[in-house]
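Heads up, there are several structures right after this.
One chain, subunit A, appears in both complexes that follow, with subunit B as partner in the first and subunit C in the second.
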Partner chain A sequence: MPTKDQIIKTLKDRFGSAVIGSESPKPERLFVDIKSGKVRDISNELVAMGGRYLVSVGYDSIADNGALGMIHTFAFDRDSLYIGIRTSVPADNPVMDSITPDIPNAGWSEREYADLLGMKFTGHPKPKRLILADDWPEGIYPLRKEVPWNLMPPAAEDVAYQLDECPEGCSIIPVGPYHPTLHEPAHFAVYVDGETIKGSDYRGFMTHRGIEKLCQTQLTYNEVPFVAERICGICGSVHATSYAQAVESAADITISRRAEYIRTIMLEIERIHSHLLWLGLAGHLIGFDTVFMQSWRIREPIMWLGERMTGNRKTYGMIVIGGVRRDITPEIKDDILNVIQKVEEELLVVQKAIVGDTAIHRRTKGVGYVSTQDVVKWSLVGPVARARGVDIDVRRDHPYAAYDEMKFDVPVFNSNDVWATVLVRILEVFEAIKIIRQCLDKMPNDGPVLTELAAPIEPMRHGIAAVEAPRGEVVHYVITGKENSPERWRVRAPTYPNLQGVPLMLLNNQLADVPIIIGSIDPCFSCTDRMEVVDIRTGGVKVLAQDELETLSRQIK
Partner chain B sequence: MWLTSKIKQVLMVAKPGVVTLKYPFVPRPAPENFRGQPYWDHHKCIGCGGCASHCPARTILVRDLCQELRVMVYDGSRCTYCGRCADVCPEKAITMTDRYELATGDKNDINETMELFMATCQRCGRCYDHETTNAIDKMTRIGYKYDNLEMRAVLPVSSEQFDMKLYEKTEKFKRPEKMGE
Partner chain C sequence: MLSTIAKKVFPRSLWVYHCNTGACNGCDIEILNVLTPYYDLERFGMKLVASPRHADVMLVSGAVTRPTLSIVKKAYDAIPSPKLVFGIGSCAVGGGCWFDCYNVTGGADKAIPVNFFVPGCPPRPEAIIYGVALALGLVEKKSAPIELKQMEFPIDMYERNKAWEDRNVIYELLK
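And now, the complex of A and B:
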């Protein structure tokens, strides 16, 4: 496995003057500045060296150097190393090579910056609109600084997203934006030949609320965690922790060990309640409401526990830059131990009852098959990847908070189907309970849980942090700015890469399995749609899908 | 195997029985540390505006009507109950109460307005003259001291530099015509 020096040396040897410089503010972070012409080759080289693509970050630096910046980030899981390759293109001709043909997961990131910054990617296989509403005027790029955060262009009617071409002889079945199986709005067009799925297209981002732009322009550092928490209704602490860690990494802030332990406990409590929630929903999606009722019953004491610990049953509001807001008292400690004990006992009963149920086996085994190679190629994350034989877990590979001192197993299965995701999630609840017990046992008492910042945060420092959310890994990238506010804050929720893998999972399955396959990634469209643009009421997609279908049906007559 | 798992499922369901609470017919008090509706104690408040400058939802607004009179408005309709205001208050004038049944037909029921008399410094009275810059005025990024109380909104700062002609330059500013027309 390559070290940082080896990576820099290899890049310099192979690409010479295209590598401008490098910076390593921390042992496990490396930023390499490169020329934009070689971006595709260097990305491929990093992947060949064992890097896993995370996300791309585009930003507007027109005021500084008249350019648009682009950062592709990679994780080297065995070395606990994050690499960002930074490049920039002039704002008047923002053209760079697409890395999507080789790294398919970059597809969305690049489409995102084509929408939001006006970048152009040569060789992109699907250069369609992703983030912006279909009626957003062309030529206005909302993430550029000249565009105000609260810009609302007038809405237009009958502007449509053009779906991918339907394969010969197939029919289109629209799923969503409002559909009983989707709990949040997203539109899947499923192309079926009889009952068998031959392809699909996705149009989402209907709920993007402009959170990144809002926070960059209107909020200060320590207000952002509370907005970050509201990116997702289920994994709030995850986003807040990830953001706080990104800023702490950029600004080199050390927090007390006790605060890190408390963060770990919060993250694991969140994992327990999220997995129980998913287990219930999965049961519901395949028509097995007993599981739904029982796992939500088991989950409820966890919500009440959160209320007693933090003052709210969700959106705990615990995590800020510098630590956490509330300490864990001895009474709360006993409370946590009692509650997780109960959850463990009851979940064991549920596990025994459903693992032997042949009806569940028939609905989930062999459904949503994706080969391990494809999962690696598409950089899928979280339980979706672990159920398909890819052994990645940020908690173990890039330890943060107090995970370096925790002993836990990472469940990995090789059956590559939805059934394995069920097992992974159930087993992870038991692991989470194990971690909470270790935390409470070992928690040191080394000072205040909230560390005061000694100095203002210096501008233009880069920080990246990933946190293992219940759904996969959350990546936050922060460029620090002036005026006590981040210059750029990029969020990548786990559903962002995983949704891109859904067409693979759907392929050659039965139409009736669509709900559970989409459900199996535990999709969180609000997380994915968190984007930079103030939401304008689209509705366009739904209307047009109908229109298209109507037109099609008339043509058939 | 199928039958045994069904028997297990019946036991799993039968053992806990009915767990649904009788709320709202039986009241359910919130736990001790609950973050409910915030309460301002005007006897303790010194009008420093710390709560306003830390509020992520920008739900606390401050406006100086004159040198002596400062109005502070809490707009409960937008509050996220994070409790940050209570954390940062130097005088502990804000407490998070255990009230949570806040649904109302009239927004004013959950708003709170305080008019505070601010003392003028006896030396020259100009240190906190709000037209010149001082440390507090540097917080104008979020509209501090000049919030628009009627609109319940912080004046947006970033819009000023946007040129509306940007619209006209765009290719598709002319909205597409309706289908079939």
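And now, the complex of A and C:
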């Protein structure tokens, strides 16, 4: 089990002068500065030591040193350690080695910075456009500082998506952009041989709104949490908490314990509502509308509770840097206990019905199989990984807020299919209820819930924070800046890695299972894109409208 | 006036097509929520359909982003006339807080003609039902009062205490 010193020593022994220096502002954070030539070897070394790839952060520091910065981040789950390896390449020739051939999940991050910063990655297996629209002109990189946030190059209509070649002997079935799961726009091209899926490609990022750029240029520190909540309407508090924690970690701010408890309660309330929502949608996708109606009925009191606690049914606006905006009064405490009591009772009934239903078993068991090794290799997170035998949970591995004092179980299953994701999510609702009860029971009363900052936040400090969202691990990376606003803010939602694993899940399944497999990762494209009819002519073999696909998906296998 | 026409043009059940043009999911789950047992939009004969070809009404949620602009127009064209378009949520009303970002075209009205707007971030399910019912002439339009009735700041319901009374003394005097 490598400690921080051992990791630095190993890297220095093996790579010598390529390791320039290191910095550890907190016990559980480590930043290593390296030369760009060795980025691939050092990344591989960290993965070999047991690191799990999180995300890459590219940023523009042309004004300071004429370079584009790049940070690859890794998590050591057993040691509660986050490592960022920082490197930079000159802006006039921004070429660096791609780490994607060995760490496949880095593929999207690197494509993102090829789009937004104009970096080039040698050896990338799929150097295609990812984020920007296909009609976006070459040579304009929105995340560079010289480009204003509101630059709108003229648009062209009907530019075809750049998709993979269809495998020999297969037909293309285009799904979307308006597709059967969750109504969010994203295009999947599914390559089928008869009814069996032989491959797929994805063209999404259609709800990319440029939030990161907007917040870096136009907003100040404490305005960002409210925009962060609007990254995703379902898991808003998660993003706000994660951002606030990243800034607090960078600026070394300590908040009161009571505020941390309230944050924990908000996160768990959000988890209950999100998992019940997913359960309903999953039922809807396999044609079991009773589950849809029942679980949304159970969920609705949670929305009302959110309104009574915070003033809004969601996008609570509770969390800011330094704590939370509202306290939990004794009346609200009783209210929460009553509501979760009711939810628990009613969900037990629904759980019984789902577990005993043979139709659901037949639609979900063995569907979307991915082996545990592949999940680790592709760095999948959240219920998708836990349903496939990978025991990771940020709440337990990297405790934040008040989770270090909570007792809860992390449900893990080994059947590696969609059925296990259903079970994981149902059990997590019960765990969430358990956590809320413990929070309310133990909540200390130690000072104001909102801490005043003593001094301005110092510029150019790095902070990384992760939060276990209902869908998996959310990672926020903040570089503090001058003028009371973040210099760089990077958001990685759980759907970002999980969506890259969807082609694995789809492979060799039946076409009718596409909606539930895509649905099983609980996709949240707006999180992923941050910043998505029936009109596709790619290959033009057969256009399957959403309703036909839904009908097809309802026919029991 | 539009509601009088709507009564004649859409005398029976409305089928609704929901189109996310770049929303954060907040409005989308509230739109789905109106179908579920507590709000139960189906009692008005309304139903969410999957294809624009089946629909009478289009609900647009979210700011129209650059990649979705053309497909939103196509989805609108695919709906047979007569048709109604609702912009649901702040982003569809005017583009929200990212109305001028590099990848955002603006509100729903930048792409297609919109008949009714339901503001809110996200709008409550009641607001969505009210908006649709208003358009169909099922309820009367409530107009704003002429005189300012609200003599106190909207405040936290749990905060009404001595400090609040002191702070709001000016509004007592105005009465």
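What we mean here is this: the second predicted complex is superposed on the first by the 527 of 557 C-alpha atoms of A that agree within 3 Å, B and C clash if a C-alpha of one lies under 4 Å from a C-alpha of the other, contacts with A are read in each partner's own complex, and residues count from 1 in each chain.
Keep this in mind: contacts are C-beta pairs under 8 Å (C-beta built on N, C-alpha and C of every residue); 3 or more make two chains touch, one makes a residue touch a chain.
Please read these numbers as outputs of a predicted model, since none were measured by experiment.
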- Message: Just to be sure I read the superposition right, which of the two partners does A:R325 touch: subunit B = first, subunit C = second, or both, or neither?
- Response: first
- Task: Answer with first, second, both or neither: which of subunit B and subunit C does A:N222 touch in the superposed model?
- Result: first
- Now for A:G139: first (subunit B), second (subunit C), both, or neither, which partner does it touch? first
- Query: Touching A:E473 in the superposition: subunit B (first), subunit C (second), both, neither?
  - Reply: neither
- Query: When the two structures are overlaid on chain A, which partner does A:T315 contact: first (subunit B), second (subunit C), both, or neither?
  - Reply: both
- Message: Just to be sure I read the superposition right, which of the two partners does A:G356 touch: subunit B = first, subunit C = second, or both, or neither?
- Response: first
- A:T290 contacts which: subunit B (first), subunit C (second), both, neither? first
- Please indicate which partner A:D79 is in contact with in the superposed arrangement: first for subunit B, second for subunit C, both, or neither. neither
- Message: Contacts for A:M152 in the overlay, against subunit B (first) and subunit C (second): which applies, first, second, both or neither?
- Response: second
- Message: Show me the subunit A residues, by the header's touch rule, that subunit B contacts in one structure and subunit C contacts in the other.
- Response: 135, 147, 149-151, 157-158, 227, 230, 293, 297, 300, 311, 315, 326, 547
- Task: Report the residues of subunit A in contact with subunit C in the complex, numbered from low to high.
- Result: 132-136, 142, 147, 149-152, 155, 157-158, 177-178, 180, 182-185, 205-211, 213-214, 227, 230-234, 236, 277, 280, 292-293, 296-297, 300, 303, 311, 313-315, 326, 329, 331-332, 524, 526, 531-535, 545-547, 550
- In the complex of these two chains, what residues of subunit C are touching subunit A? 18-30, 32-33, 36-38, 49-52, 54, 62-63, 65-71, 74-75, 78, 96-98, 100-104, 121-122, 124, 156, 158
- In the complex of these two chains, what residues of subunit A are touching subunit B? 135, 137-140, 146-151, 153-154, 156-159, 217-220, 222-224, 226-227, 230, 290, 293-294, 297, 300, 304, 307-312, 315, 317, 325-326, 349-350, 352-359, 483-485, 547
- Message: Could you list, by residue number, the parts of subunit B that touch subunit A in their complex?
- Response: 1-2, 4-6, 8-9, 11-13, 15-16, 19, 30-35, 53-58, 80-84, 87, 96, 141-142, 156-159, 161-163, 166-167, 169-173, 175-179
